[in-house]
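In order of appearance the chains are A, B, C, D, E and F, and numbering begins at 1 in each one.
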Amino acid sequence: MSDSYFHPVSGFDLPRFAGVATFMRLPHVGLEDPRLSDVDVGLIGVPWDSGTTNRAGPRHGPRQLRDMSTMIRAQNGATGVRPFEMVNCADLGDVPPNPADIQESMKRITSFYDTVLKAGIFPMTAGGDHLSTLPILRAVAAKSPVGMIHFDSHTDLFKDYFNGTQYTHGTPFRRAVEEGLLDPQRVCMIGIRGTTYDSEDRDFAKSVGIRVIPIEEFHARGVSDVMSEAREIAGSGDTYISYDIDFIDPAFAPGTGTPEIGGPNSYQAIEVVRHLVGVKIIGADLVEVSPPFDSSGGTAYLGASLIFEMLCVIAPTLRPDTATA
Amino acid sequence: MSDSYFHPVSGFDLPRFAGVATFMRLPHVGLEDPRLSDVDVGLIGVPWDSGTTNRAGPRHGPRQLRDMSTMIRAQNGATGVRPFEMVNCADLGDVPPNPADIQESMKRITSFYDTVLKAGIFPMTAGGDHLSTLPILRAVAAKSPVGMIHFDSHTDLFKDYFNGTQYTHGTPFRRAVEEGLLDPQRVCMIGIRGTTYDSEDRDFAKSVGIRVIPIEEFHARGVSDVMSEAREIAGSGDTYISYDIDFIDPAFAPGTGTPEIGGPNSYQAIEVVRHLVGVKIIGADLVEVSPPFDSSGGTAYLGASLIFEMLCVIAPTLRPDTATA
Amino acid sequence: MSDSYFHPVSGFDLPRFAGVATFMRLPHVGLEDPRLSDVDVGLIGVPWDSGTTNRAGPRHGPRQLRDMSTMIRAQNGATGVRPFEMVNCADLGDVPPNPADIQESMKRITSFYDTVLKAGIFPMTAGGDHLSTLPILRAVAAKSPVGMIHFDSHTDLFKDYFNGTQYTHGTPFRRAVEEGLLDPQRVCMIGIRGTTYDSEDRDFAKSVGIRVIPIEEFHARGVSDVMSEAREIAGSGDTYISYDIDFIDPAFAPGTGTPEIGGPNSYQAIEVVRHLVGVKIIGADLVEVSPPFDSSGGTAYLGASLIFEMLCVIAPTLRPDTATA
Amino acid sequence: MSDSYFHPVSGFDLPRFAGVATFMRLPHVGLEDPRLSDVDVGLIGVPWDSGTTNRAGPRHGPRQLRDMSTMIRAQNGATGVRPFEMVNCADLGDVPPNPADIQESMKRITSFYDTVLKAGIFPMTAGGDHLSTLPILRAVAAKSPVGMIHFDSHTDLFKDYFNGTQYTHGTPFRRAVEEGLLDPQRVCMIGIRGTTYDSEDRDFAKSVGIRVIPIEEFHARGVSDVMSEAREIAGSGDTYISYDIDFIDPAFAPGTGTPEIGGPNSYQAIEVVRHLVGVKIIGADLVEVSPPFDSSGGTAYLGASLIFEMLCVIAPTLRPDTATA
Amino acid sequence: MSDSYFHPVSGFDLPRFAGVATFMRLPHVGLEDPRLSDVDVGLIGVPWDSGTTNRAGPRHGPRQLRDMSTMIRAQNGATGVRPFEMVNCADLGDVPPNPADIQESMKRITSFYDTVLKAGIFPMTAGGDHLSTLPILRAVAAKSPVGMIHFDSHTDLFKDYFNGTQYTHGTPFRRAVEEGLLDPQRVCMIGIRGTTYDSEDRDFAKSVGIRVIPIEEFHARGVSDVMSEAREIAGSGDTYISYDIDFIDPAFAPGTGTPEIGGPNSYQAIEVVRHLVGVKIIGADLVEVSPPFDSSGGTAYLGASLIFEMLCVIAPTLRPDTATA
Amino acid sequence: MSDSYFHPVSGFDLPRFAGVATFMRLPHVGLEDPRLSDVDVGLIGVPWDSGTTNRAGPRHGPRQLRDMSTMIRAQNGATGVRPFEMVNCADLGDVPPNPADIQESMKRITSFYDTVLKAGIFPMTAGGDHLSTLPILRAVAAKSPVGMIHFDSHTDLFKDYFNGTQYTHGTPFRRAVEEGLLDPQRVCMIGIRGTTYDSEDRDFAKSVGIRVIPIEEFHARGVSDVMSEAREIAGSGDTYISYDIDFIDPAFAPGTGTPEIGGPNSYQAIEVVRHLVGVKIIGADLVEVSPPFDSSGGTAYLGASLIFEMLCVIAPTLRPDTATA
């Protein structure tokens, strides 16, 4: 059982619209806080979108995700899991980016995650644009390459943008493969769709062994079959989960910079997470929530709900003794 | 055939954006109006949300539902039913709540419905938050407990809120069972999902025999199978229909206070109503439309469309002689 | 291969949020431009909604469709088609309507399309309300009646509105049949739903042999089966494609004047277009995008995506030699 | 004292967000209603914008003005006037326009006002675009030309639009002068500003003796001085008041189709009305409220407040015996 | 000088869109926190709107005020005051209301402020609707009645609502006078305007000696003259400042439930605060910010700016030794 | 007289909501277009916001400014100037930024303006964030330092951000002074206000002789007096005009990233431009319009109106022979 210090504030004690908004109403435990060593799962914001080549906004993602996450309660209605009672969860605050310096920002992110990992904390990230995942992987996969299950409408595998720019939200996984952070044979990308500049990204995927499952295949085979293959690809090794909110159809998730029509609905969006049970997850993120394109917060609420679903898969693996029957 | 006085204003005579907005463009017949005795089906607004524990707004529901309902035409395109020609429908206006006094408001609601029922009018309600249903049931089920088919993402069966508060929009059906207004064995709740404080509500349901069909089961079995069971549970006795707009996925119905992702789409939202044919319905409501969270009115339009679909099921039962071939 | 003059500006050269917004970032080639004779496919705006009987707004459709179309890239991710490399596409600008004179506006539209067709250009229209299609058909079907595959929630086959008004967005195809522009036996209408004034439109359809596929049938049979029948009905003759954005469910396409709930999702919206391969298309439109009801532009982005999908079906038929393997 | 039947519903009896929305919560008295003969002041909606050459929307004005007018209470806080107790006010409903036929619509409007005037009712109009005023003047000034005090950022005096179109919202007062409905020597236009096609409108004004007070002069002289001149121009004869909401700066009134920056603030917007005391007003309107450009309703609320202020000036002239001390 | 623990996070260390949002980016110090005893000024949220008789929403005020307050920097550009360096300021969190129980909520509020005052902390409140001020005054004026300078468009002095309801946001100051919390001779209400039910509130004001300055007088005399009188009325005794955001014109502050047109602009809104220098302020609030009516947050930003201005007046009085030259 | 090729499309020929949106409906003349040499005034978009340290968005400014500028007509209603008939104006398109590389983007901007200036074209810029002005000044002031009249709520004179970052939208004029692009003695900054980190910027201003006029002084002295001083400071030398939209109060211009309350209204916003007559203007910009924070476009419309006002001041100086009487 978790330490009660790390239990979220209940909506019965303080209504859900009230109080300082932290992720899931968890205590805010900064990196210098003595409580840090007690944390099992750290929810971390990366308020950064300098890698965005199209419509910016994910810098505001963590704030709105915190806000909407206050509507999340204690227990998963479907699976019965109560993650906050199984492990000590905390809001570790935001990595401080420098919005006008990409390289500096990436260094700060990696450094923040180095500290988190050193403290033995599982990092659950709320982005930020997808370039955020690269400096996170530099910490998470510092010792050896990891596998990845990646939900997205884009591969983010492009070589460069604007004729030579290496670091954008369209290139993180190309860099991650080049830097030896990802084991391409253990990477599966699900939901890919939309118009493309060309096939260079998918040609690269093929050449290194990354499995790309386009949306047409996803809709034809169904969640269960696709996720079964994804779990097989990830295998038993350390695996990172990267969930781009634009994986989901823009009717359900309008608040994102580069939407692509024809995606999964919100039920499928949950289902793919529930099918991650059995994967050895060592880090996860939910990225590309862009509040300026969804002032109602519906996209952030969907994102917060998905983070909760991820926690319900992750928590039992960290404290298998506490698992609900 | 209905009295032509009760025919909605046609969009061919007065464009649908024009005119004083009443429900379905029906005549406004107040409780003191001599025409009241001619009314078969009364559309009633309950502009009240004092039982809301989270984000308020349904007090504005009836107004926006009236506004958007002016886009509804005379005939059901799928079933051919023309409800306004079968029975005399009218807008009975709004129950006057006291926004600062819950008990007083509940008394006023019950009293309003007593009058309506005494006049032999079928009450079709536009909420209001879900606590509205409790004082309505106090009138509708005054003589004996009724069955209920309940579409919602929440059971609204909690014992209390905030450590002892008995009357909120999360408790109406607990109270209704306790007060003998509902026959729990004839109650079926469909679409339940989302995070929960705990399982106290569903434990209670089980203990009294209320059937709860969670969304996972709904998606797995499909509308037809689920509704077949629901009709069986309701049986041949008097049955109330309570339709919370948050039953539907928030992409389709963002305008509500406590959305839960992963719900049915708008086609399924209609289908469940069409499968109510055969149930002995003695009252119905559509609640929790919250305009402040959907300034475009799309949620209210969906709600108005569902009220129309309900009328198309109800009207033939009131005047079986007028049923369309 | 197409002339490089007609290639869209790449997002790698000029970010997609930048630059003067033309359809798909294609060159703007007006009717007096000497380049006109080189154009194979002309994207044309009809910023006109004087035929709208309910909520106006499609006059703003072309502008917003241009804006959102700048997010479309070069290649179809699913089919690999690169339409802009196969044929010379250009933005021909907008037909100048007279917002206060319906007859005059229709004359101007027909005249504009006469010029376009005379230049041998395939007309791909961005509306405008659905009355726009009538003056377009007067040009396109000037010599002999054409077939039509029509995606919509309404038949637009009414005899008149407001007791005698012949030209509204609810009547274009009644007029088109009367004027001999459409061969009713080769017309198929898909997705029809919603409340109706009466059955007069569908009675007329039946009387002249137009096939109407209501949404219930669409959902029951699925895209592939329905589209197979549609292709058969259209046969091998010249066929016009008319796509009303309200064919799609309002959760996906809120930005339209007369939404009807229960429609297809965005994936089905794409799929129906992809199933048009094999039809002899001689003109196409995407109408009823109404920006005032969707300030975020999501509906226009969906519309622009569908225009792109149509181009991917049309381009290979115009230059069969360039088709992608 | 007025008949209590014509008293608005009090917010103390029914909260202001509740109930069927009529203008000022007054009873709805249609032209066939026997109560019509008791009405002193009729609030009339003209939901029509077919004369709009730019961004449409005022067809939705009356509905939203009704909605927001339910926030208006019984008494003018500044002047103490209680108009609804002085004269019998009622909501006469909307004139039914034909959105696809300008001439037919104008005929219907004139006919509606003929009936109203014949019944001895003062017509207080909620538009609608500014072309609405022309058919109203045809009724109001049927016998002899009237004077006019006109608040607007445009003169609406143009000869024609689109090379020959005579009836648009930019031409009503040119037509009214030509038709002998306005006595140009008794017309004063206040607040004129913004970019212009040319000076043709103001040249015409000068040629017939219409006084145009541009916004620069308004700001320099102040409300009191300008209104003193306006009253003098109107003199003691019958005078119509036409108030275009775009008279006010778009920060205060964004919901309009053709905003011009640099206008009066909301306090000045009220003040000009209060300075109308002493004018012999025989009809008034508030036009060009366009809800699609202000979903929050702030513009409509401002418009409703101005209609109330006009009623507070008009009522004492109709029943001088009832004037507040 | 203040303790550096209580310095806001600088935008140079963590960009202003980043981090957990507390008031002014100050540390969150709950009532049980040992740091509480070091706090000089406590910023307190009262997320409660159960007293709202019209459009609800202020329950969401504190959250959005926190969010927008992160754009406030360290120093007053006009006066040079750096309040956070003069006194120890902290975010004390929100009072937990019971949204479904008015009396219980008022008890909780008074109890919270009792604790705050006992700790010697100056209470700076972010509402909440205006009924919040009553339970605050019960703590603040527990020993003897206080004076009050009140910025508002309403007097909030009504006897009751809905025929007998004593506790609403329209009655707090009537109750406060009755309960001996306010010394009416030392109360000044500024900016009063709008339509009214009747004059009962102002008659009461007159009868007990409360000075009401209507907006007409405010605009005529100007800020400096009016505030000079207000300071004189408040005199040298303990004075509470209550600032209802609807004091300001709705173009500047649309996010409120009961707007009244014709109010001050944002510059005057600041100026009145700056003219409070010299008043012996013992508590202050900023109430009625209603986020559902201003999704952009502009009203909350204005509110946060005003709270900062108030702090710049208050801080020098608490630590006169630290005042900036 | 200007060449008719450079006349905007009239709203009488093509309604203002129609057509491809270019600045002021002028022809689009790219840098490679042979017509470039005929252009007198070039309207240039800089869709770039990488220097933004707070809320991003101005990258979308040029697109929305083009859109809203289509509502601008031919003639200044107040001054009678018809700029497009006096000089050849054209839309030169957008400078292509690299959103992920600040230095590269600045090089591209300077290079673009070098070409424009070499062609003898007056550069009228639509930003973009305020860092855009630095690379523009590098071209405009390449030979010798220029004076500047700067409307803004911020000085943008900070030394660096985030502890060492030199190039942000808060530092351009510090850099410009250091680089010898501005003659500080001939620089006047008007409207400065809001909270500040410290006084470092204003201390620097004082040290180099830049005149800063805070908003309090602006409101106290009035437009005419302040602008008289500004003209004197600028003197007779080459002067650049930089107009940050956040100079204006956020009620009038909400669509910007760093609003500060208490600013000028829209009439004063125009007036300051009209008082620029007599200044030797050699370049001008309107920056920081951020569409994500104003989806209605009102801010962009205000911005477009101000660009037009600037053109009305500039055009007569370029072709003094054509000045209107």
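The rule is simple: contacts are C-beta pairs under 8 Å (C-beta built on N, C-alpha and C of every residue); 3 or more make two chains touch, one makes a residue touch a chain.
Bear in mind the structure is a predicted one, so any value in this text is a computation, not a measurement.
Participant: Comparing each of B-C, A-E or C-D with A-B, which pair has over half of its contact pairs in common by residue number?
Facilitator: Selected pair, repeating A-B: B-C.
Participant: In terms of CA centroid distance, which chain is the most far removed from subunit C?
Facilitator: Chain centre farthest from subunit C's centre: E.
Participant: Tell me whether subunit D and subunit E, two copies of the same sequence, contact each other through the same residue numbers or different ones, using over half shared as the line for same.
Facilitator: Mostly different residues: under half of the interface numbers shared.
Participant: Between subunit C and subunit F, tell me the centre distance in angstrom, where each centre is the average of that chain's C-alpha atoms.
Facilitator: So the centre of subunit C lies 40 Å away from the centre of subunit F.
Participant: Per the centroid of Cα atoms for each chain, what is the distance between subunit B and subunit F, given in Å?
Facilitator: Averaging C-alpha atoms per chain gives centres 56 Å apart.
Participant: Touching two or more other chains, which residues of subunit B qualify?
Facilitator: 13, 15, 17, 53, 55, 59-60, 99, 161-162, 249, 251, 265, 293, 296
Participant: In graph terms, nodes being chains and edges touches, is this line, ring, star, complete or other?
Facilitator: Other.
Participant: Using the touch rule from the top, collect the residues of subunit C that touch subunit B in their complex.
Facilitator: 53-55, 161-163, 192-199, 214-216, 219, 249-251, 254, 258-259, 261-263, 265, 293-294
Participant: Per the contact definition, I'd like the list of subunit D residues that touch subunit C in the complex.
Facilitator: Checking each residue of subunit D against subunit C gives 49-53, 55-57, 59-60, 98-102, 104, 161-162, 165, 167-168, 292-293.
Participant: Sort out for me which residues of subunit E touch subunit F in the complex.
Facilitator: Residues in contact with subunit F: 10-13, 15-17, 71-78, 80, 249, 251-252, 265-267, 269-270, 296, 298, 301-302, 305, 308.
Participant: Along subunit E, where are the residues that touch subunit A in the complex?
Facilitator: 13-15, 17-22, 28, 45, 47, 59-60, 62-63, 66-67, 91, 93-94, 96-97, 99, 295-296
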